[in-house]
Structures are given as C-alpha cells and as structure tokens.
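Look for subunit A in each of the two complexes below; its partner is subunit B in the first and subunit C in the second.
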Partner chain A sequence: MKPLRKQGIIIFSILALVLAACGGGTAEETVEATSETVVETLDSPAVTTASSVKTGVGVTAEPCPEAVGGVPTGADPTKGCIYLGMLNDYTGPYAAVAPALETAQRAFWLWANTAGGIGEYSVAIVEGGDTSYNPQKHLEVYNSQRDKVAALAMSLGTPQTLFILDEMDKDSMVGAPMSWYSGWSYKSVDKGLVVEFGSAYCADGMNALDWALASLPVDIKTIGIMGFAGDYGNDWAAGIQVAAAKNGIEVAWEYLPPTLEFDVAQAVGLMVTKPVDAYFPAVGPTQMAQVAGGAFQQGLTPIAMMAAPSYNDAFVKEGFPLKALFESGAMYSMAWVAPYEADTTAHQTMRATLAQMGVESASSFLVAGWSSQYHLKGVLEAAYKGGDLTREGIRRAAANVYVESDGMMQTRELGQNRADNDSYINIPDGSIASGARLLAPSYVGPTAESYDWTSGPCA
Partner chain B sequence: MTIFLQATAEGLALGAVYSLVAIGFVLIYKAMDVLSFAQPALAVVGAGLISSLAIDRGIPFWISLILGILLTGLLSLIIERTFLRPMVGEPVFSVAVLTIGIDILLRTVLDNWIGLSPRYLGDPFPNFGNFGSITLNGVTLKYLEISAFFTGIFVIIVLSIFFKKSKYGVAMRATSLDQEAALAQGIDVGRIFGLVWFIAGILASMAGFFITGGFNTLTQFSFISALRALPAVVIGGLDSISGAVVGSIIIGLTQGYVGYFQSNLETLIGISLGSGFSLLAPYLIMFAILLVKPDGLFGTEEVERV
Partner chain C sequence: MRGRPNLYINYKKETAILSTNTQKIWFVFMIVFSIAMVFIATDYWILLLTTAFLIAVASWGLNIVSGFAGQISLAHGVFVGIGTYTGAVLGGVATDYVVGYELDMIIWLPLSGLFASLLGLLIAPIAVRLKGLNLGLVTLALVFIGSHLFSNLKTFTGGAGLGRKTAKVVLFGFQFDDGFNIGNVILEKNQLLYLFSLLVCILCGLGVKNITRSKTGRAYSAIRDRDIAAEAIGINLFKFKSSAFALSSFYAGIAGSLLFTVSGGVEPGTFNLLYSITFVAIVIIGGVGTVLGPLFGALFFSLLPGTIQTVIHSLENFGQGFALSSGQIERVIFGLFIIIFLIFEPRGLWGIWFRLRNYFKAWPFSY
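After this line comes the complex of A and B, so read on.
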C-alpha cells in the first residue's frame, strides 16, 4: 500500500472515530447565556382576577382530545383546551426513561383536569417530539411544535434547553425543564422562561457536604469531587467547593472531564493516590459502580455522597454484585424531592393516579415527571387569573407568582432570581421499591442557608 | 512502589482487553484493507447477548458466555455477508464509513434494550475473594482482569498456530497478501472474508465481556472502552497482530500510569494537564511514534516506486 494512502487512512480513521464517538454519546454543547431583563409591567397575575380571558397560540375554545398517545387527558368536554409541548428523548441516552417521564406528566394533567383544570380550560400535552438529547434536533422539534402550543410541558436537558432559549424568547414560550441547573432560577440565564422545580445540583452539593459533616460518624477533613463537565458536574462541583471553603475542608482533587472522556482508571487512581474521607460523584451509573467497586477492592470505602444522576436503584437489586457495598452505610444519594413512597399529599395523589392508569413502578423518573408539572400548573393558573392566557401573559405570570405542590416541594416564588436551597437526602435500600430510603427531607445546611442565592447561577 | 505495581497491573489488564479488540481490527484490515469501526459495537452487543441469556433467560453463566460469544461471531458473519460483501472493490473510505453506520445501527438497537439501568452479566467473578479481587503484597489484582490477561495470551497463541498450521489460516494469510493471487490459487476469498469477520466478532465479544463483566456492568457508554483500542492498532501497525498486542499494552500502561501518577506529575512540573489527560496521553504517544515510524512499530514498511 502507498505510504500516503496509509497515512490518509490513519488520519481519516481518527477523525471518523471522533465523529462516531460524538454521534453516539451525549455530546454537550453550551450556548453563551445572554443577559436580558424581562420587563414586568403587570401586577402579579396571581392576585388579579380578570373578568375575561385573552387567549393566544395553543389555547382553543374547543375541548381537548379525550386521549393523546393512548393516555386519557381527563379533559372536560365543556371547556376549552390549553396545549403544552413535549420535547422528549425517545432515541438518545435518556430514551429508556422517556416513557416514565411522559407517563407521569400526562398522568399529572389527567389528575389536574379531573380536579377542575385551569379555570374554563383543560390541559393536554401534544404528541411528544424526539430530540435524541441533541441540541439541533431539540430545535427542530421545538420548531415543529411552536405554533401549536401555549407552553412546554418538558424540555429535556440543560444544554439542549439553552440551545433553544433564544427561540423561546422570540415566542415568549415558557417551559418546564427536565434538568436541575441553578441557572434556571435566574433571568440572566433563562430570560424568565424556564419554570424550574426542585433544588439545583449546586444546592444539593452544598447540602451534601454540610449534611455529611453534621450527621455521619466520620471525621471528614479531605474530600474529592468528580463529575461530568458541561452538564451537571460543574454546578454540583461549584456547590461543594463553596461548602468546603465555608467548612474549612480540603478539596484534595476535582476530576471533571467531559462525559465521554471520563476515565474510571484515573478516578480510582486519584482515590488511591490521594485518599479522601469522602467523595462527591456527579457521574452516571456506569462510572459510579466502577469507581465505588474499584476503590473498595483496594481497601478504600470513603463516604460517597452521590448526586441524583449517579445513583440507580439497580445497585440494590438482588443479584447486583455491589448491593452490599451500596447498602453498607457509606453511600448516600441526593434528590430534589422525596422518593416515590413518601407520605405527602402530592405523592399520594401521584401514586393513586398512576395506579389508576395501571402503572406498576416506583421509578424516580415518574416522580421527576410528576413534580415537574406543579409549578407550570401554578403559572397557568396565575395567567388565567390575570385574564391573559397568551404566551406573553403566561410569561408575565411566570415572572412573579407563588407556586405550590401539595407538599412535594417547598412553596416557591418564581421570578425572584434566587434558587431553592433545600435538598432531600436518601440512603440506598433494596427493601424499598424505589431503592432509596429518605433520611433527611427538605434539608438546608448552614452553607446553603447563608449563601447569597441572589448572586446568580453557581456555574 | 506498591502504587507503581498497582498501576502496572491495571495497565496490563487494560492492555489485554484492548488487544482482543485490536486483533479484530487488524484481522479485518489485513483481509479487506479497511478499518472496521463496527468492532466496538460488536463488543458491547456480545456483552448484551451474554447478559440477556444469563440474566433475562436464566441460562447458566458459562453456557451463556459461550453462546453469547458464538452468536456475536455469527452476527459479525451476517454483517459481512449482508453489508460488506457487496462493497468488495469499492473505495476503502466508503467501506469504512459503512462500518460506522453499522456501528451506530448496532448500538442504537442495543441502547434501546439496555436502557438507563446498568446491566449485570451474571458472571461469578465479583463473588471471588474481596468483591472479585485478591491482594498480593499490597497490590490488588482483579480476577476479571487476570482472566482478561491470560485470555489475551491464549488467543494470541491460538491465532498464531491457526495462521501457521491450519488450511484456512494459511488461506487468510495468502488473501491478506494479495487477493487476486489468492483467487488465482483457488482460495475462496469470500469465505475467507466471512471467516475473518466471524473471528473478529468472537474476539470483540470476548473483549466486551471483560469490559462489562463483574460490577463494571453494561451501559450505553461501555462501547467507549472498546474504542480506545484504536490508537493501539495504529501504534503497532495496522497490519501486524503482534503490533496490535504491543500497541494495546502501551496504551493500557499509559492509561494506568497517567491515572495513578498524573497528580504527582502535575505537582512536579507545576502545570495542570487537565481532567481528560489519561485518555489523551495514548494519542500523544501515537503521534510521537508515527513521527518516527509512520507505519507503526510493527507495520509493513511500504516502498513506492516514483
């Protein structure tokens, strides 16, 4: 073979390898956040009661369909309809959880419509569009739905939602995220369009360290942080760094490569060469099991405070090799709400509605889907009360309204440029269907308590 | 010293796994003059088949392992017959791109099956010793990695004998040297291509098992480990099996040493090398070697008459 041809093949092969790797994984893209102040010219719609309701795109006088995608909407045939968009991932890395997220969201509106809907309107989520967790496809799906819906029931992924934010801004399209980036609480990032719910990774990071220091019988002096850069890792790490500084804890190492470049050998190597009393992983289940198991084999069992995406209930299922390790009392997981079995009114309603639909699962993704809709419901109710169900009216409502969630999350005032600061702390437990037993509900540590949450996103 | 030995042990084990994938790359390259990017996908598909048989269907693990490996070989053979055979004589770039398509196709189907929860393969390794490991003089050795190392050596020996002593092995060597001459000598080149893909599929699935066995588990990201064998092939020389093995060990050791010593090195030189350096380092070594030996350490040097 000609040398030039062989070199050409080598160069081509390397380029193709990079392309193939990027195409198959969760390549992250970030969009520089622009600063724009939403002008709030109206009083809070939540405290205003209008006699007539102005409507716009995505709101019809005709009733909602009885069912969408085979799931009943519970819509009242005598009422009009508010349509919500759905940007879901049916073929990408979150394809496996897409049905649970969507089922719970449709179940939520089935319950909400049955309970009276939004004034003279019921709510229906349109057929979901497949974003593949790819920002470009996310935009394509958004474009296909933008003329049909009044708001988005779900926009899955932080980088993906950032990617379409300018378009949402043009349309005044409000939406619920399916991610917990601290930036969603600040207009400088989300332009007042993203209706966040639950605590962000940043607050979870602060609370994870504070809680471990206060509650565990281990003298924690040094810690390590690992996570995926460009996604939830940065927000998480920023929170832990703040808590470590406040508590005088030494951060021995911080390992934050992009998702596809995460090297388990290096993560374990760091734990071996620079042992710590506790580590704080914000990785995926694959990396979590390998890192925890690899360290344990070398005699290392530091406390692990896992960010929500790191933990998977498969770790404590019968037959999983590391079940004993995950249930040893050295591992803990953070969450934005209590697990499926929790005893709040919202959890009870969720379980009853899902049971009525024949859903037999205690997946945390069902909780994620259900909890994501509460604040959006509060925004729609406020817009209706304000007599303006146009997108602009919904946007104004989202900029200044109290929303509650039947005890699932704290009552929150949207549009105040400050993130929630409470977290839920669980311990892995295979005897519970969700695989997580709640240890500390709505925990706010000293760091998160004293942190200036008006200072903007953590990362 | 203990940490050095630990890093060496882990590097050698990684190298052994990479070598199984790398040999598959080389076999296909030698026979068809093209790099198959479907190898990483075949590795994780093999692991998926083993998991499906052992966990979902309850077939004893060792039987599942053998069946999974053979089925992956068969799948590889079918891929060759279905997608690759019509491409014989077409530009190698087209064929390489086709293998990328096959890789994406296989992984998309597999990812849908895997879902978000890690898949356990049902192997008994984690039950041996200390969660599947033994400690000797302070160095922790994992049974799965020890098995990978000896499996790698075994495969190399078997392949060496196969190429030298068996009829089909000799035919494969002849085909890799000159397809037209091999055809003229009565060798069924098409059958040789199929055999090459069958063997490559078997090797890939073995690597897939060692990548995802124990508590490593099979997830949507497992294929990345198999992809890391590619620089090993380039370092060793695209057409050299022994080169693939040496290249794999170089890659594995580099990854192991950087993983364990990067922070010390950074302290020493006072410069941060970055979070992803352990995966970048093998490519730096590859670039350095290609500058000196463009055909790789063991690749056949080509002489061109101008």
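After this line comes the complex of A and C, so read on.
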C-alpha cells in the first residue's frame, strides 16, 4: 500500500506541477518626465492646446522597442514611447482567439506609429499577460503591469474588467475593453475609465429581435434566450426582453447559468421540451456548435440570432460537420462592426497592415482587435493635445472627447453616458474568407431607436 | 560544551527549538536577511517571496497531517479556501452581490484559522476509520464538495467565474494600503504584507518545530509508523488524528486568509484538485516529515518560475518565433526540474540540505 500511495502522489505531483501556470512580469521601464513641443494632431473640442507635455507612468523619453513578442512596433527611434498594457486570455475559454486579438492590436499600433504616432510619441503594447479569463488572475496580471503602462490596450472580459475597476480607479488607468457590456458607456459603472467601442450586447439583442421580426420570412411568436450569467448573457438578455415586450413576443425560456456551469444538454433539453420559433444565444463558440448541433439532431432548426462571441468563422469552413446547418439560412450573427472584407478606409488599412505582417486569416477577431484601438488612440491624441500624458491627463481626455475610426464605427463622443444603438447583422457564409456576409449595416431597430439610452446600463 | 555541539548533557537542551549555536546564528541571520530583502528586492520578487512564506505555512499544515501523522489528505487546498473566504467575508467589503463586514485583521486572521480548523475536525471521525488510499479518496471527494460549495455559495464567494475581493488588510486600525513611513523610506502595502507574512511564517514554523519535540509530535510519529502499535502503547488514535487534522486545517486557514490579499481578489475555481495536489507536491519536493522541508518546497515552488522568467527575459530574443511562449517554456522547465528531483533526490530539498550540512560538518574528512 505504502509504495503505491507514494507512487500515486509522485505521479499526481508531476502532472500537477507541469500544468501549473505561473505568471511573470516584463522588464521594467524607466519613467521620465519630459517636456515636448506639441504637434496639433486632433481637432477635439474636449481639450485645449498646451505648450508642453506632462508625462507620467508608462511614458518614456526613450524610444519604444523595435519589436514586442516578435511583432514590429513600427516605432520612430527619435520619439518617446507610450506603453500600453495587455490583459489577454492565452489559456482560458478565449485562448483560441487571443492570438488574433493581440495580432490585430499590435498591427494597429504598427500602422498608427508608422502614420505619425501620438505627436512626439510612438506607442507599444507590452508583452501580454495571461488572465485565463479568470478575475483573480486578471487582477494579478493587472498588478504586474500597472507600474509599467500608461493605459490598457485590452482588458478581456466583462466580469474580469469589472473586477479590476477599483484598482484602475486608484491608478487612473484608462483601458479598452474586449467586451461590449452596456455599462461601459456610463460613468456610474466604468468611472470614466473604460474606452468602449461599438454597440453593446443590449442594443445588439434589441436589434436582433427587431430585425428578425421585420426581415425573416418566419412568423416568430415565441423565443428562447441563453447565455452566461454575470457575463455578457445578462446584458444581451435584458435587450431582448425589452424588444420582446415592445413587440408582444413571448419569451418561453431564459437559460442563463454561470459560464462554468453552462450545460449543453440542459440547453438542448429546453429547446426540445419548449420549442421556440427563434432562440438568441450569447455563449462561446464551443457551446454554440454543441447546442445548434444537438438541437439539429433532435430535428430542430429554429432561427438562431447569435451574439458576436457565439459565432466563429470555423463553423463554415470546409470539413466542419455543421457547415450546412450554419449556412442553412436559419443562423445569423450580430456584430458591432462590418466583417473583415468591408469597404471602409479602416478596413482597407487593416487588411493592408495585416497582409504586410503576413497574416492570412480574415477572422472577425482580427476586426475586433483592430477596432478596439481606435477610440483609445483618439483618447491618447486628445491627452497629448491637452499637454498631459499622465494617467490622470489621459483619464480627463477620455471623459469628454470625440473619437472616430476611419469609417469602421460611428463617430462617438465619449463620456456622455449614452450607449451606441446600431448593430451589424451577418449571415454565415463559407464562400467569404471571414465566414460572414453582411446583411444589414449599422441597423437600428424600432426598439433600440426609441429606447432611452441615457437611462443607464441595461443589466 | 563549546566546540562539541552534538554533546547534550540534558534532555531539555537536546530538544530545544534551536539546539546549537550554529542554528541560532543561522536563524538570526536569515531573519535579518529576510527583513533586509524588503529594501533590496524588486516588487516582483517581494510578491513571490510573500507568496512563498504563506504557501510554506499552508504546506506545514499538510506536513503535520501527512508528514508527521501519516494521514494522507488531498483536500488541503479546500481548507486554504475556507480560510480565504472566512477572511474575505469577515474582513472584506460588502458589494451588491457578496457580504463583507470590514473587520480588523486581528479578528479575521485567527477566526479564519479556527473556522478551517473546526471543519477539519469534522472530517476527523472519517480519518480515524480509514487510512491509506481509502482516506485519500475520501479527502478527494472533499475537494469536489468544496469546489461545488465555493462555486455556488455566491453570497460568500462571488460565484464561479466571478469571484470576490479579499479581506482589507487593516491591523489595529492601521491600513496596509496607506503604506508606512520610516524616516525617508516608505513601505508600501506589498512590503508591509511581506513583513507580516514573514512574521506569520516564523511563528508558524516555530510552532511546527515545537510540535515535533512534544508529546503530540511523538504520538503523531507513532501513528504514522504503525497505528496499531501506537494504539497498543496507549496512544488515543481518535484524539491525535483529530488534532492533526484540526491543526493542519488551522495552518491552511491562516495561510489562506492572507494568501490572496496579496493580489486582492480570489475566484472559486482556484481551489480545485490541482491546487490541493500542489501542496502535496511542495511537501514531497521539500522533504516529507521534516520541519524545514515545506519551507524549502514553498520557496522552490514560488521562486523557480520567477527565476526561469528572469533567465528567459535576459536571453534576448530567446523564443522568438519558437513554438512555445515564454510561459510555456517556463512550465516545461519547471516540470522537468520536478521529475529530476524525484528521481535523484527523493528525500527532497531537505535531503540535499542535510547532505550539504553533513559534508561541511565532517570537513576535511568528508566522503
């Protein structure tokens, strides 16, 4: 018994420790205050032009490194550097898309730096930290980066970002979220720190139902909602409930368990026992394929209006068993921005930069990564123009500034306590590289149109 | 008896916590060195060392029940979790979805240990009836029960995937967050937590050493070596197995309540099977049934990843375009180290220390 027990412990120990993830920090940066002559770059009403630039943590007079994580920064060696943090998920549920998000963000700043940077500064994202989509690790990674960066290029996940908000508040750390929670548009929730971009799940939910009722040749009377509680599911469900009430649609069921407890069998069971005309999933791609496939096996193919994170272009790639189902015309996906192939200046720039880097994918997560940085760039430009690149200066700039995105999203005035209300509606299509064909650009349904967006977050 | 350190003329001296002058000098030197680290080490290393001290405390707990008393426990992480959430509820801030009473650390720290200890006592009756792999399986079941409860008692833990903030570190009204000024030197929260963890680590370490030289410690050893024989010579198995579990859980609770205040937040998924197994590994790597072993193991476990990271970062462009990221390389190296250790030094790090010490003791006649 004893040797067996010992062997068992040894084998367990080896397995456990080989798997044990241990985070670490990146090299320290020296921070120096500099005084620079301002170059006018942004026509913003929010700030006044100052004659010198005050800098703080995460902004150096020394140039940015030539490359970070193997990706060139495109930094000008004669300019200073603004460092941005990155809280990414390399080992959790979004591990599959983390590289695309990161590549697009680094590509964005490669382009932005080449195009002139932020006045006398280039921008570099530090080496990404792995949060595993876990709030606790998110906080640990944030702690390891907080003394090195001026702002966050990405904070992935709604509950994760909410978890570090108090610390961000203490540090006056502004950051771009990789989540579309309606609360990001309201100071009562984000304390003016989260630089949101695109419409929230709530508006997407309203538009999804309105558009389905108006545009699909199916008589929708009853619907079901599924998603992750505490995460984007609540915001999405709140939007759909508002639209359902307005349109007199019956919500037959709502399945919103915590992310880790989402049970595919239970979700499919609901679809079988309480059949609906359309269902609205806000889950991960893995659960989406399992739920859609499971329902299909039971002979059910109701209309599915998928929230952005539910859809993956892999669903319509050759060889995927459910390709025909996803292309059957019963499935639609929501987004806050047009797919990869769209014809805006921003999309063209993105494609050219990624092609230059040798990226061959057309994933929607590349578009997500790229689009996430525009508003942050606008905020940094405003802070520079205001002569204050300290974190407090950046926070002030984020509280009241017009930001634009070369046509990718609506021009937006940040800090106005009002969320965007337009959505992009796509249909899965394997003949297009991004796997999504745009059906309705910048769609605003009657519910989202009449909803009082100044009333605060939906959930 | 100068010059003859191994000659004891009375039992009291032989069983003293620090029985030789060399030990006393080393002890004082290590404390001074550890305090000095506050002013020398970077924030990153301070963080790792603080974690190491607290993990050492938790590992001592496991070593008491498994190393000294020979009762296998795979659920040690659950008791760490119980300590964490007791501390978080009593000392944390209430929000819309979790409770928190913002009490002083002087209240929540001992209560975290005591509450974990109480729950440890609850499984003691099982421990008395079972042993070996069977006991291991029961404690394994405890991991799953614990995980489920942690994930679902949302009012206390925040729930799976969401988590909650830990206790605010306030001692006698003094907020660690505010920092502390000594002349021109400002000690920040991390540094204060480091010093406090060091103090807790020293006290708990002395406590463990004290157990080994007491009647209780000898009873544990007897039970470990042969429980039937122990019972035959009059050792009350129920009493001592229960006390081993209670004491072990107390250490886990104390460590748990402080461990996550370093980062400030905790998510229930942390306290899974892997987490509990980590403590088993630390005790084995450090040296089972020794006093210094778990400390060595905890330092090894906490500091090696940092060391590997530093080496990887110092090698410029290392790993660029390589299939593995620096984090993955770190994990592979870490795993390899453990395998090498287990094959070549099964007595753990303490075994190496023991041979090294004997080599110098016997010098110049070492062999």
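The rule we apply is simple: the second predicted complex is superposed on the first by the 411 of 459 C-alpha atoms of A that agree within 3 Å, B and C clash if a C-alpha of one lies under 4 Å from a C-alpha of the other, contacts with A are read in each partner's own complex, and residues count from 1 in each chain.
Here is the rule we go by: a residue touches a chain if its C-beta (ideal position, glycine included) is under 8 Å from a C-beta of that chain, and two chains touch if they have at least 3 such contacts.
These figures come from a predicted structure and were not determined experimentally.
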Handout entry: subunit A residues touched - subunit C or subunit B, whichever exceeds
Key = B
Practice task
Tell me which partner A:230 touches in the superposition: subunit B (first), subunit C (second), both or neither.
Solution key: second
Problem - Which of subunit B and subunit C A:144 touches, first, second, both or neither - result: second
Practice task
Report for A:372: first if it touches subunit B alone, second if subunit C alone, otherwise both or neither.
Solution key: neither
Practice task
Figure out whether A:207 sits in contact with subunit B (first) or subunit C (second), or with both, or with neither.
Solution key: neither
Exercise for the section: Return first, second, both or neither, reflecting whether A:172 touches subunit B, subunit C, both chains, or no partner chain. Expected result: neither
Exercise for the section: Look at A:260 in the shared chain and tell me whether it touches subunit B only, subunit C only, both, or neither; answer first, second, both or neither. Expected result: both
Handout entry: Touched partner set for A:241, first subunit B, second subunit C, both or neither
Key = neither
Practice task
Jot down the residues of subunit A that show up as touching in both complexes, subunit B in one and subunit C in the other.
Solution key: 1-2, 9-10, 12-14, 16-17, 19-21, 23-25, 258-261
Handout entry: subunit A - residues contacting subunit B, complex
Key = 1-3, 6-7, 9-10, 12-14, 16-17, 19-21, 23-25, 91, 93-97, 229, 253, 255-261, 263, 265-270, 272-274, 284-287, 289-290, 293, 296-299, 312-315, 319-322, 325
Practice task
Using the touch definition up top, name the residues of subunit C that touch subunit A in the complex.
Solution key: 42-44, 47, 72, 132-133, 136, 151, 159-163, 165, 260, 263-267, 269-270, 274, 277-278, 280-281, 284-285, 301, 305-306, 309, 313, 320-321, 325-327, 330-332, 334-335, 338-339, 342
Fill in the blank from the handout: Interface with subunit C, subunit A side, in the complex: residues 1-2, 4-5, 8-10, 12-28, 70, 90, 130, 133-137, 139-140, 143-144, 147, 159, 163, 166-167, 228, 230-231, 258-261
Fill in the blank from the handout: Within their complex, subunit B touches subunit A through residues 3, 6-7, 10, 14, 33, 35, 37, 55, 92-93, 96-97, 100, 103-104, 107-108, 111-112, 114-118, 120, 122, 126-127, 130-133, 135, 140, 142, 214-217, 219-224, 227, 230, 234, 238, 255-256, 258-264, 274-276, 278-279, 290, 294-295, 299, 302, 304
